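In what follows, chain A forms one complex with chain B and a second complex with chain C.
Our next item is the complex of A and B:
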């Protein structure tokens, strides 16, 4: 009996994990095909779709004007933004690994990581438009303008501003992933070896160090790639409009009352999946080519100098993009309290707290929904992650093994991050329609959980497996039961990473746009959905307030996550630097 | 203190004093002549590794250094690691895992720039480089290992390949950071004498850092014990 219940508790977390990770994938895939596959005779299976079968769905999609332009935009945005961000990170690492500069940059990453994509897009609009902060700073003394010029900067037809924004926003993420992976590799040892053989930093890093680091970056890069090729919130605000990139159009078709367009959206979601697959295949092919080239260059004996120029280029590019993001944040803050702000003035002429009052005191719905969704989804994800890590570690310890991360689990966690969100959610949306659960709070919570869970796991797994296994064995030898060891040793020792993981989950949920939009059926507006809607409607002041809250809320949780362990362990020096 | 003789050749550790956070770490004043091996012994934390890092150019900026390190009359401090011509063998062989054994040697092998010249010339040079690497492998009993994956080699074989990779880069001094400590006792002596013999043949000054008394004896040179 005890054995059976024991087994039950071992199996249960996997069942729950499967529910959250695999069922949505399967459901998403089937849900995508369902509205297409229904025969004309049986009528629509899911309410709101035209039931005319697959051929007609694809025909409806192909009949949309400018489709090929939309597809091309998605492809180029995804590939170029990812390649640029990766290139800058490589340049920066090559030039500055092991220096104080890199440590300093790492400490600056926090705000840029916490900045949600929607808020970044809103801030960049404020910064880059002809009436934005940059033109104001240069006018009239440098430009001679006393009126905002008639230029297209954001929403340019080639999607350049969108690419720039994605690049700037993904560099902090990729840099963090690289810096987190470095200690797990021998990259720095290889660099030293190469340098003592006479190689300059750049050739040493790119040809001899990076090959060791790159495998740790592959999944994050593919996640960035899929995200950049299918992103909706940033593309809605910064991307071209006629036509928009495919993902934006899918969401517009979804929200159209015409059944034909909704059916086209389902086919479009399939096409979006295909686009992401093509992007990933192209990237993997590029990896092959690059790896061959790198090996050929590595063995040619040339020592490769000219380090100093590239060092400066890498660092300047990074600082320029970080400055862009900082300018975006400043612009948001200014607009949130601006009343009258005429063109060449650098600062608003008069100020008001009216928009803040409205959001914080009157229309509090989106704020409350956002906080509750974030706290619940992150809390649930954290519970589940710990449950799984503990059951796996217990089994490994009982078999005499030091706890080790399962690479299968890790890969599984990356699944929802590598698939285009819009396609996955459209498939799930169809199921919710069939089950008549669309627009429910639990539906939205579930959709958030799908995307929060991976980040909570990824931030928790590292610290969990860095716990000294002999410490746990010691606890066993001292006669502590598994549960005692878990409650009295592991949890307190992991307090800091636990709270950090919660804060990360919270931030991820706050930043979610599509899950609230597509599953919530407009009934659960959040800060993100509202800010995107307001910004694309040109309502700058309320959009700025929402955008700033999108940053401030997660920041508060991050600060709490730092203060609580600091207070709890104020008399324990050994706990100060645990990560 | 004896006056420095023969300062224009060899590795000159001229009144080197290392401090970290105001704490004095080590003082050393010695000229390592060509073909000579200086052994530095001491417990961990005695600053042996910092001394190697100082000479190779990897010392963190938190250290304060006085004195000078000169190689063949040229001061090394202030030069980037790649310009110092100081070869270092670490505790583990650190063969680049994405390259074959032979390609690892090619990374070490210095030769004229390949970028110029016709394709034919370039191909000939590449072929010549490969032959050099193959001969170097054969000279340490690794014939036919050019295409092998470094991960499939034994510890001793990896150390031999790492030694040859280093020597092909034509260093002017050799630093040994306990490179024999990871090897079996039986193998240790063999690899050790191979290393010293090759270093002598190349007329290199050698600085060996170790806490193995046997290493120190085999080096047959002066010994500085930082523990005392």
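Our next item is the complex of A and C:
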């Protein structure tokens, strides 16, 4: 089978990709508009969404108490969390590019990247509440408290704890994206030149490095922005409750027995889309302002050398947030084996493995579902990505071009990440209901695939196009066919990034909350849905076990992804270190 | 006078029927469909007459998706235990679908109805009561009446002394749901910390004023939070008889004014000054264990003893109720109209009502949920199962639980929740 023989094989991967990426978008959009447009009781086309009376969906939405507060919360958490995370990453890069410290930070990123949002939120709650680990560590010797104080720390009405958690969780992601993009830029050269001319690191980075780097970061930042503004699992656990942010309320309305509220949910999903759009527009406007400011600073003549303070600030902020996440992980581990643990004891008074036994031995459904879903969705995504990349590369090679990443494809991949998940899924859910695919395993798998595929692509595309094309040309000039050189040269050389991409896809799937919840109709509980449900109540012990598994599972896969190439390449010195 | 409402009701039935047909008739198939479905429903009404052995035979091999609130690990474990039993005894496999809110299930069933899924529904049995039951019953989305009262173990249910087993929030169950357990609002306190807990609403308010930040209640629409609202309303409303009737929109604001006056005064002294509320009873219990709260609420008189047994509450916690009684009700299991395993669901519902299952359920180390059966009238070997139970240090005996206040009509709940949310989320 060669791909040259027919257009069919060239077109097919695009068709499949379109099915996974574009059809849900279109379906989601129509599914969202449908319930808004139909009149009450108009039957099967609007399952469960026919409202009572004559009120339109928008009117029903606007009648919800505290709506403006919810909208404001979504906007502010989205913008502030993203801006803060971005600011810390800029400080860090400006201060530490080219130093050993940054390399060390990079090696620490893994666990924080693999830490799912739900688990982070659960751990931070355990850590930060007035009866949490921090207050226990300080009581009673430093605080004089023998009872937990009545302080509003988590779930605060302004959403500050939610913003803090989102910031802490997004810094590793943005940092990774930046570090991955750096080699494609000339940042380091610029910085060296500017510094040799006597400019401070910060001034040099902001005026020369950042403008070069930023285009590579724009899409990841917008994805973070949309995520932060519409996140449900973290906001359910850490966010305010009276009222909650819009996305959390949409999910609650969707699940309400009153038809009015489900109609309002559809309008709410539209509003959520609008909020994300506003966030993105504000961010893009901010970019303009910032770029004008940078241009002004660049020519103001100052060398900006008194910047040591900022260097320290950037690093200490990062370490502080990483310490917070580490403390969260420790709290989770403690609660998973705690029996009686009363304030102000620093450690549990009695211990039990009962919660672990239940999850690992008795009630294994969520664990099995999570592993199978993650392995299948990530495996399918990887196959599809390779298929597409190989098809495109071959076409480019045969047209005499060096394989180059298609920017259209990259933008398309980011699409589902930039849209609010709750809106997209609500729209898709309507179609799943009509097709009777809701609550089926394949429905949930498909929903996972929509969100796993982009990450697998993004982590695969870089290494794929960095692969030396001459190697393949040489192979072919020695008589190897396309398929042979693909199977015998390309795949083995790409083993490490392939496994990493699989591990990333696996981790993304494990962390999915809404796709399992909304499309699974409660039939496919996963570690994430269970942990959020338990933690939003007060069932700390089982929630801790689930949260810990949420971290451990992807970590195991990541470890395998490093061990397998190490074993496979043990006799090949040139393949020992990944790039 | 008596004639007019009758005619009205018939009109309404006719309307619903018509609306039903309208929703249901796909082009060209409408009438045939309607005739068929009504014929099917007619035959199913005689479920009562069906031989139980026949039900058992059909049930063998069926998979029952039991949608039940899954927020309490102890209850989930009990459901797994019961599932193993019916699997071994009757070859019925029961799979618990853990839902965070039974409202989800109701909307799912409504959604399936609207999408035309007349059979093969995704919910085979649901743990339900109150407004959720009323909503499904009103919309005709439950299996036809009579199946629950046809179950063999129905004979042992204490219909006489526990009227709520057949009257769910004032709505007659008509055998469309099988009673599973009894619930009554109780309060849990740590006797080592608070010796004399507040036993009236006035004491609760003064206790919060003396010691701010240590009292709270779950956030409505959590059912326990809504229960607290109803408890306050029952005690303070000027004409309590109004609560047995559907809400009168015209006088609602006036009726609930004393409730909100009470809450307005209470909120500044609540935990987090009333800006944050616990989300459910499990969180309240956790906050009691943390020492953040002085009082936890529960709908299960055995809760505190179970928590002591599992080590999650200190051994000094005790349970009590208000002077003048607290709200109580029954929780049930119901079969939706499109259940794909009706017989299997009936077999499981019957097992849940058996003396074996009910006694195991009442064991505080298991769940601690009070029985719906008339224990005194049971045959000796089955009665012995209950006599052998050690209810634990913090469980009140049925006599100490005091008066059970009946639930108001379900329409009050949603109105109260709406009014509460309006008042406290916009401020």
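By our rule, the second predicted complex is superposed on the first by the 563 of 579 C-alpha atoms of A that agree within 3 Å, B and C clash if a C-alpha of one lies under 4 Å from a C-alpha of the other, contacts with A are read in each partner's own complex, and residues count from 1 in each chain.
The working rule: contacts are C-beta pairs under 8 Å (C-beta built on N, C-alpha and C of every residue); 3 or more make two chains touch, one makes a residue touch a chain.
For clarity, every value in this text was computed on a predicted model and none was experimentally measured.
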A:358 touches, of chain B and chain C: first, second, both or neither? second
Touched partner set for A:433, first chain B, second chain C, both or neither: second
Touching partner for A:299 - first (chain B), second (chain C), both, neither: first
More chain A residues in contact - chain B or chain C: C
Touching partner for A:340 - first (chain B), second (chain C), both, neither: second
First (chain B), second (chain C), both or neither touched by A:193: first
Which superposed partner A:536 touches (first chain B, second chain C, both, neither): second
Touching partner for A:477 - first (chain B), second (chain C), both, neither: neither
List of chain A residues in touch with chain C within their complex: 41, 43-44, 46-50, 65-66, 69, 129-131, 147-148, 150, 152, 155-157, 240-243, 254-259, 262, 339-340, 342-343, 350, 352, 354-355, 358, 362-363, 433-434, 436, 438-439, 521-523, 525, 530, 533-534, 536-542
Footprint of chain B on chain A - complex, ascending: 100, 186, 189-190, 192-201, 204, 208, 211-212, 291, 295, 298-303, 307
Interface residues, chain C side, partner chain A - complex: 19, 22-23, 26, 65, 67, 70-73, 76-77, 80, 97-101, 103-108, 110-112, 114-117, 122, 131-132, 135, 212-214, 219, 271-273, 275-280, 282-287, 289-292, 310-312, 314, 414, 418, 421-422, 424-426
Contacting residues of chain B [partner chain A, same complex]: 56-58, 61, 80-88, 90, 92, 94, 96-99, 103, 106-111, 113-115, 126, 129, 165-166, 169, 171
